[in-house]
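Some notes on the structure that comes next.
Note that the chains are named A, B, C and D in the order they appear, and that numbering of residues resets to 1 at the start of each chain.
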Amino acid sequence: MSVIEVRDLCVSLKTKKGLHPIVKNVSFSVNQGECLGILGESGSGKSMTVKAFAGLLDKSFQVSGQAVFNGRDLLKESKESLRRLRGRQITMVLQNPMTCFDPLYRIGNQMAETFAVHTQWDKAQIRSRSLDILERMQIKDPAEVLEKYPHQLSGGMLQRIMIGIAIALEPDLLIADEPTTAIDAITQFEILQEFQKIKSGHQTAMLFITHDLGAVSKVADRILVMSNGEIVDKGEFSHILHHAIDPYTKLLVEKRSAVMARYRLALQKEASQ
Amino acid sequence: MKQYIIKRLLTAIPLLLCISFVCFVFINLIPSDPAEVALRVRQVPIITDEAIAEVRAELGLDKPYLVRYLTWLVNCLKGDFGISYVNPSRTVAGELLRCLPATLRLAGASFILVILLSLPIGFFCAVYKDSWFDRIMRGIIFITTAMPAYWVGLLLMWSVSIKLDLLPTSGSGSWRHLILPACTVSLSYIATFIRLIRNNMLENMKQDYVLYANVRGLPQKSILVKHILKNSMHTCIVALGMSIPQLISGTIVVENVFAWPGLGTLCISSIFNRDYPVIQTYVLLIGVLFVMFNLLFDILQSLADPRLRKEAA
Amino acid sequence: MLQRFLHHKTAVATVSLVLLVALIGIFAPWIAPNDPLATDIINKFAPYSAEYPLGTDNLGRCLLSRMIYGIRPTLGLAVLTMLGTICLGALMGLLAGYFRGWIEEVIMRVVDVMLSFPSQVMVFAVVALLGVSVQNVIIANVFIKWAWYARMIRTGVMQHRNSNYVLFSRCIGTPERFVLLRHLVPSIASDLAVLASLDVGWAIINISTLSFLGLGVQAPTPEWGAMLNEAKNVMTSNPTQMIVPGIAIVVLVSAFNLMGDALRDVLDPKEVSE
Amino acid sequence: MIPMIEMQNICVSFRSEQQEKVFGASRKQVLFDVSLSLPKGSCLGILGESGSGKSTLGRVLCGLLKPEKGQVLLDGMSVYRSRQGKRALQNRLSVVFQDYTTSANPRFLIRDVIGEGIRARQRREGIALNYEKEVTRLLDLVGLEASFAGRFPHQLSGGQLQRVCIARAVACKPELILFDEAISSLDTHTQVQIMDLLKELKERLDLTYAFITHDLTAVTYMCDNVLFLYQGRVTEQIAVERLAETKDEYALRLLHSIIDFEA
């Protein structure tokens, strides 16, 4: 059963000279327990697509089409009911962990305010759940971390906390918007492992947006390739890798493969000696 | 943190010394000889060279520059700022103290007006950006920044006091006298602060943490008040605090329009009467206030912001 | 650049308005209907008429003529002030930003002290010190404002010096002269143009304020601020005398403020030219 | 092999932002005893995460930042000791920076951006070049049409602008080019295209490269040698072919975190 089904989604920017299309006729669906990867370069409209149906775009954008989430068309919902869905049934992990937390509040406070909005938990429950989540995200000294301000934690830690908040309320749909882009390579790998864990453990539908072929290959069951606001290719990863139809996708795969081939060669030379 | 405060306090000392030195040099740059002025003030009928030399010795003008500066500084620290040239029976400190309360009343009232008006207006302008309210306020702000304060005062006086006969035109006494001058002083500051708050909030709205708060499904009201407003307040409070000495000095012109018996009126009449010690002390006072308030709000800001506050490890 | 300027409506409108006002001021003797100083006591407080298009003041002088002649000190002094400020500020700022070391230390400390006094008080102090006269008003305004410009220009120089294109020039050993003239000066000049046009408005208000208080241009010379001072005394009987110069100041200052914003757009190299 | 450029025990520290002492300034050391050598005709990858000091190292290498300790030797001559040393470096080195948006003066036409490099070459070699022809030749070299010469930097895409920066860098006929994260802010496939271009240019113009990056796969694609920089210290310098032999902990962790999508 599909958790979300997007049909003919179009997003345009309203400018003085008229409408400027950013996303054109995008359709896809994600089933329960499945992970759909959306691959594309910056400016290809991949983030816009999810922001549009999550109700995160302001008035300067015009959105049309359908986005059916558990039987409800999100584009027809009121702002308020969308807000209730966000953070509870639809959660997101964003790109820049270092700037996503309000610098003036402690981590514990920001976690608590999220839970207070969406649940009936009392203070003690919120605290024990928060500790629980941090522990699940393999953060040492969770009690201490709750008392820290965002600037005192590393990007990797904050990214884990963000993932923790996202899965805490067992959402139906988890959207990861370039979660591995703004952090260094080693942490990237660890964060990716967390996503693999979520995929195997929970029955959450996942949308994984990225420009990194490597990352998408590890978590996504199916892949959409976007370019200039359109879906140019779709299918399983091996299909994208070997039988891409679209010239842009081909170029992307070909170039990246060349780099990886060279990398493998560098490592194997020694192994064969 | 303690060290930071100590360091800031220590750096303020040379600045204060520089300011006092500038003020001291100021009076010594006057084309006329202070000894001669002093004699004239005492209404000595014939000014002879001997008399001048006598007064020079009396005022310590024959001593080296630095010695004179230090004596002057020590006197200042004791609260002795010398004697008014115009009215030798009065000390400068006494003159300033006499006028200070009126100015403080005016500046205080204006400050309250600024806060009461600019905070809510700035907030709503940012929240309802490009609405009719925002457009009208922006128009008003644009016009008021181009209006000289004294003209605003004249207009208010003419329309409210003369045409409508609601409030007294000038002088001081009751709270009714205070309204028009306070409105005039605060007007240009209100415009500045509305713009500051509005832009600051709009800037904050674009930040990632607001997007993430939205992503977590927090209610709009909580995002606006708890996150955006609090973050913008940090910068704005500092700017507001630092504007207090400016408000005090900004009353000069308005006081003269409304014949408000404060420091500004004293300052202008001193300029016309060439009563240099009074002007010197006034400049010194405002300069010191300026440094003090800057320092105070700098420290307050670093105490309030967790990023600047150094947590004990 | 010129193309873009001509396409920008606000820029064209404000610059033409300012130029028009300036021209009227320059050719005042040919344009003004009456002698601005000639008194006509019988016709004092006269309403609008063919002879006195804006009426007369308390001494029966033609208001319009006084307004026209008043452009000279009002606008002229403001522009002179800004020229002086920019020259001094730019010199100090460039010296500090360019040579670094102890020169920078000294200049920046002086700037710090200068900026520790509220500008308004400083103007009064300088006027008090030097005595009441027109050139002292200019000196006072330049004296308090140069520090702002020095600091701004120094920051600009530092910023641009650390931009990648200057770093490249330094890496490949481009002569300092080229870096200064081709990279730094044009970038800073455009910032400067914007700031300066905003500050002409500030200077107009400041100079007229001094004149209003009797510390600047002296009666009977027609100057808008001084005219308002005269108008103050006859406010009850002849309010028009107060309205005209006031509106003129607001319009002129608004024009400069708008011009500053428009120049910012025009001079921004990133604006796509069409 | 004789090293063309050599760094010996470089130490650099900056005034730290958070000042705790009342008197004096506390300093934060960014580079600790960094040594490296760069043989002629090779390509050295300098690899480190953000905050590892790799950009500071780049500044020292291209003559912009005098180190507190240690020295930079260009063919055995110290760069920071004398004017001639610095001149020599300036005459033989060129740079391409990360942030392509600020790499070119926004007020310059592409023609003038490249022209700055040409002028440097004219000055060094004391020759006069045909400006237009040279610009066209350089644009062609980096795979751009001649019509780009009349445009402004903001009218170009990231990849195109980075090509212009490369053209400018080779315009002054350097022997050594330093790339400071020159490909990081580009799209994935553009990155590879730029790297292909760089490899080709290296062969054709007989260049030596120093390549600063945080991407290990880019290093293996481009470079002969790699230097791992971790928290201001060199943890390992090794030939790329022998990368698998590394015993260094940081290098191993980095190797381990590379995601190979075909494996």
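Going forward, a contact is a pair of C-beta atoms (placed from the backbone, for glycine too) under 8 Å apart; a residue touches a chain by one contact, two chains touch by 3 or more.
Just so it is clear, the model here is predicted, and its values are computed rather than measured.
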Practice prompt. State which chains count as neighbours of chain B and simultaneously of chain D.
Written response: A, C
Worksheet entry | Reaching chain C from chain A through chains that touch each other, fewest steps | 2
Practice prompt. Identify the chain pair with more contacting C-beta pairs: A-B or B-C.
Written response: B-C
Item to complete: Report back the single chain whose CA centre is most distant from the CA centre of chain D.
Response: B
Worksheet item: When the centre of a chain is set as the mean of its C-alpha atoms, what distance in Å lies between chain A and chain B?
Response: 52
Worksheet item: Taking each chain's centre as the mean position of its Cα atoms, how many Å separate chain B from chain C?
Response: 23
Item to complete: Using mean C-alpha positions as chain centres, tell me how far chain A is from chain D in Å, no decimals.
Response: 33
Response to the item:
Chain-centre distance (mean CA atoms) for chain C and chain D, in whole Å, is 47
Discussion item. List the residues on chain C that touch chain B in their complex, please.
Written reply: 109, 112-113, 116-118, 120-122, 124-125, 127-129, 131-132, 201, 205, 208-209, 212-215, 225, 228, 231-232, 235-236, 239, 242, 246, 249-251, 253-254, 257
Worksheet entry | Parts of chain D lying in touch with chain C, wherever the complex brings them together | 62-64, 87, 90-91, 93-95, 97, 99, 102-108, 113, 116-117, 119-120, 123, 152, 154-155, 168-169, 172, 174
Worksheet item: Residues of chain D touching chain A in their complex?
Response: 49-50, 187-189, 191-193, 195, 214-218, 220-221, 240-245, 253-262
Practice prompt. Note which residues of chain A are touching chain B in the complex, please.
Written response: 54, 56, 79, 83-88, 91-92, 94, 96, 99-104, 113-114, 117-118, 149, 151-152, 162, 165
Worksheet entry | Complex contacts: residues of chain C adjacent to chain D | 163-165, 167-174, 178, 182-183, 186-187, 269-270, 272
